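There are structures below to look over.
Below, chain A partners chain B and then partners chain C, in two separate complexes.
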Partner chain A sequence: MTLLLNILVDGIAYGMILFMIAVGLSVTMGLMRVVNLAHGGFALLGGTFAHWLGSDLGWPFWLALPLAVLGTVALSMPLERLIYRRVYGFTDLQQVLATIGLTFLMIASVNLWQGSSLLTVPLPEGLKASVDLGFRTLPVHRLVVIAFGAAVVVGLWLLLDRTRFGIRLRAAVDNRGTASAHGINTDRIFMLAFALGAGLAALGGVLGAEILPIDAYYPLRYMVLFLIVVAVGGMGSIPGSLLAALGLGLLETATRYLVPDYATIAFFALVIALLTVRPNGLMGKIA
Partner chain B sequence: MKRAFHAAVLAALTLGLPGAALADTIKVGVVAPYSGPFAIYGKQFQEAIETYVAQHGTTAGEHEIEFIYKDVGGPNPDQARSLAQELLIRDQVDYLAGFTFTPNALAIAPLIEQSQTPTVIFNAATSSINRESDFYLRTSYTLWQVSAPLAEWAYDQGMRSVAITVTDYGPGIDAENAFKAAFEAKGGEVVDTIRMPLSTTDFTPFIQRVRDAAPDAVFTFLPGGPPTFTYTKTFNENGLAEAGITFLGTAETEEVNLQGLGDAAIGLTTAYHYSGAHESEANDAFKAKLTELFPDAVANWASVGAYDGTHLIYQMVAAAGSDGPAAVEAALGLEWESPRGPVTMDPETRTVVQNVYIREVERDAETGLLINAEKGVIATVGDLGWDK
Partner chain C sequence: MNTTMKSWLPPLALLALAVVLYFALPYNLAFLTRILIMAVLVLSLDLVLGFAGIATLGQAAFYGAGAYAAGLFAIHVWADPVAGLLVAGLAGAALAFVSGLIVLRTHGLTLIMLTIAVASICHEIANKARDVTGGADGLRGIRMEPVLGLWQFDFIGKTGFWYALTVLAVVFVLLTLIARSPFGLSLRGIHESPERMTAIGVSVYWRRVTAYTLGGGIAGLAGALSAQVTQLVSLESFSFTLSAEALIMLILGGTGRLYGAVLGTLVFMWVHHWAAANDPFNWLFVIGGLVLAVVFFLPRGIIAIPTALKRLGGRHAGT
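== the complex of A and B ==
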């Protein structure tokens, strides 16, 4: 019984971290249809800014977090204007090559700036503590990540389904020419959507840093993890990403408790099985 | 006309060669990662070599010494082999050195056997490497060398039950076997053995399982960097220390990433052959020169392995010049005072015999930095994994 509760608690906490780091990719790759392998790069930039502000300058975490996200957003907009705007028109393979090249540039820049050792983000005392769940303890920061994850789900749903921006974005993605002809400024819509994806990447990078610590090679180390969540969830589906992240988190945690030696094999075997049955993911739209 | 010109050039080159050889420069090829995720090793090696050279000059005996650095990128045996080949054939090196990863070191065994080139391993820590060629000499350590004494020490401290969690790859399994054999030989009980996948990001399930088993201690082996960070954090957050479970490790608290672990690292117990906080004149001199040349450098086991390796090469060059077999002969049994403490090159295993220290992470009162404070010493340990 305790084992089951352990799996449930740890699985959800881990799944929410997966969701937080992958949801930005669901926006750029899923909604905007650009194979954005540089997603982890934006998470790295966010984490590096947070490390710089929190550790080097000694600013409090709750100030460093929003500033790191804003800093990443501010960097992503000119990048979108100068580079990504050209990448949209590429074929899939060219997009892969262009964005992985960008990833290497980001890694090298962070390496030059902060070196290749761990870039930790200092947490406030309140987040470092553990709460007693009766049968065990759970670190507070995991609860905070769960809360942020829930807020992001609701916020994105409202933004994409209930606002004018959401309608325009979906129109621009589905048929850019027609959307343009209706007077929608598609350039601006795309830039904002891209900045949203980059900002979410940075938020996930900083909040997830306790489990997926930031260092210069972060984007390459966890790229497979981001891609799996988006692929299993279904491209462009926010609820799909949430479902996939929680499912994968529970699955990986369960295999680690029950058959630790085979956890990796069991995890990937189940992912392959699922994608064989549902190639477009859990909630993917038919391409 | 053209042919005559070629002949003249050829003659000039041939005549020129013996003259060049008279300068007698002994070349040392260093194979290590200088780019990619493991670039820190190459940096540590090169800084340590340059520190040694700055202290002792560029001559050993009657010979000039020159180092040539080659970037192997990461664990890549094919690349290591072709770089070694290039160094031996094109650059005509007389010694090889470096080697962070076991597969890279193993890949060059046939080459150094054939060319009879003494090869000083600065890091790769699997016992079996040195069995592949008599030309391997190791100035780092082996996993048996530090894990087995730790198990015996733990038993002597009154710990009777231990859970083992190691990362599921070569060195992890070596560490598990060494610890288990030594702990059980003493009469202790290993209650659980978990091999954690290399790709593990969330260690909570393993740590929670250990907590539920409630042993006296948990022995672990993790690759440096992110996994160590997450493991030690999770260890603390899940209250294992409060539950009376002692953390036992080896390289986890190495100096380069130690500050990044933060307060979570305080109290972690490790057994290892080098601590940056080791108090001796040799260590102080080494660290002073290192930080004078490279203000941002932090001395850790990789730097001290390279520093001692360079010392060994200087001794071999002074004794035997470019004669490979004679150089190895001169190195065997050599004793010197290293920044880590006294060491001897074991004539049988060709790995240094050295002290293993029991350390605990503390915050230094003066500098405010985390250090590995030495609490005990197990003197002159050889490579215990040699005949396993």
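== the complex of A and C ==
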């Protein structure tokens, strides 16, 4: 029972982190059809900013977190304008290469600025504590991560389902040409969606620093993980990303608790089996 | 000069360059041999990507499989280099065939991701099977017999250089023959338009699996060379970075021409070596910048420069 609860809490917290980081990737892939291998770089940038503000400058966590997210968003917009906009028209292979090049530059920049050691984000006392449920204790950090994840899910749903921006974004995902012909400024939608995805990745990176430790090589180390979430969920599908992130988070946590020696192998084997049966992912529309 | 002779000019020039470099840089033979080995790996990628059009980021899986197969074969069975090469080629081909059966059912992003995933699984297996592979410490204790019983591997790396150069030349000729065979032509057809090839009765899936398997075998040869020459196999053989760098070298040189793959390897390894020697902490800036520059300004690779210059010259002459 305790084991089950452990798997459930850790798995959902892990899944929420994966969702926050990968949802932007899924949207940009569905929207701009761009294979963005550099997406994990935004989580790294967020983590690096948070480390700098929290560790080097000693600012409180709850101030460093939003500033790190804003800093990443502020960097992502000119990047979209200058680089990504030209990448959209490329073939799959060229996109892969261009974004690998960008990933290398991001790693090199963080390496130059903060070195290649572990970049810790100091947590406030409140987050390090645990709550007593009577029969067992739970770390507050995991619960806060789950709460943030739930808030992001609800926020995204409201944004996409209830606002004009959401309607335009969905229209652009479904058919860019038609959306553009209806007077929707798709370039602006692209940039905002990209910035939103980058910001969420930064949020996930900072909040998840306890689970996915941050150092300069973060984007390469977890690249497959984020891509798996998108491929399993189905490109461009936000509910798919949520389902895939939670499922994969629980799966990986369960294998880690139950068969620790074979966790990674079991995880990949199950993912490959799933993608063999459903090549377009759980809720994918785009092949 | 007829076209057949002309098409052999660039590879012969590269071969001559290799011999010149051997005499010009006698103290850098280890580095030169490393370039030759990478060139074999990048050639295997050219078959898979340049000819068959399969965008893979997991070629290191077969390189690593070949390296470990050659290393383990030398330690436990027989330390003959050529037998080791064959075993490693078979190991790479077998892994490519099995994984290709699954991976090639998908396309686009899912395919790219699955190829990375296959290499990640291999990395993890090699890491966990510490008793067999040595885990993160790497596979040590490889002692090779002389090549063909004649040439002992020496400390400076002379034998290693000629051995790797010979294998590279054989692989190059083999791939040239494959490219000109009906099979090679059908791969080009599949690359250009899978629908039309299906329509004229070609089994696209099985041709792609065959190309993937062949590519895996050749990547296995590259891995074996590395294991035999350096007498060490590390987990890095399966790393994503290796797959990515091989891809960058291929695109840098230009796909589908074979000698472009060799040229790209040469240039990339040289830039890498130079950048890492000058600034060991920030060479990734150079590599990242190089990749972006190639993708944005030279999408067809170095081999397209003469054509581009000629067109530029022609335009000037016309105006």
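We take it that the second predicted complex is superposed on the first by the 273 of 287 C-alpha atoms of A that agree within 3 Å, B and C clash if a C-alpha of one lies under 4 Å from a C-alpha of the other, contacts with A are read in each partner's own complex, and residues count from 1 in each chain.
Everything that follows uses one rule, which is that a residue touches a chain if its C-beta (ideal position, glycine included) is under 8 Å from a C-beta of that chain, and two chains touch if they have at least 3 such contacts.
On a predicted model such as this, the values are computed, not experimentally measured, just so you know.
In the superposed model, A:277 lies in contact with neither chain B nor chain C. Contacts of A:235 after superposition on the shared chain: chain C is touched, whereas chain B is not.
Of the two partner chains, neither chain B nor chain C is touched by A:1. Legend: residue contacts after superposition of the two complexes on their common chain; A:181 is shown touching neither chain B nor chain C.
Of the two partner chains placed by superposition, chain B and chain C are both touched by A:264. Judged by the touch definition given at the top, the superposed model places A:104 against chain C, while chain B stays out of reach. Looking at the shared chain after the overlay, A:210 reaches chain B, while chain C stays out of its contact range. Of the two partner chains placed around the shared chain by superposition, neither chain B nor chain C is touched by A:82. Residue overlap on chain A between its contacts with chain B in one complex and with chain C in the other: 111, 116, 220, 261, 264. If you check the complex, the residues on chain B that touch chain A are 36-37, 39-40, 168, 194-202, 204-206, 208-209, 211-212, 225-226, 229-230, 233, 237-239, 256-257, 260-262, 296.
Within the complex, the chain A residues that touch chain B are 2, 6-7, 10, 13-14, 17, 111, 115-120, 122, 128, 130, 136-137, 139, 210-213, 215-217, 220-222, 225, 252-253, 256-257, 260-261, 263-264. On the side of chain C, the complex with chain A involves touching residues 49, 55, 57, 102, 105-110, 112-114, 116-118, 120-121, 124-125, 128, 240-241, 244, 247-248, 251, 281-282, 284-285, 287-292, 294-296, 299. The touching residues of chain A, when paired with chain C in their complex, are 29, 35, 83, 86, 90, 92-94, 96-98, 100-105, 107-109, 111-112, 116, 220, 223-224, 227-228, 230-231, 235, 261-262, 264-265, 268-269, 271-272, 275-276, 279-281, 287.
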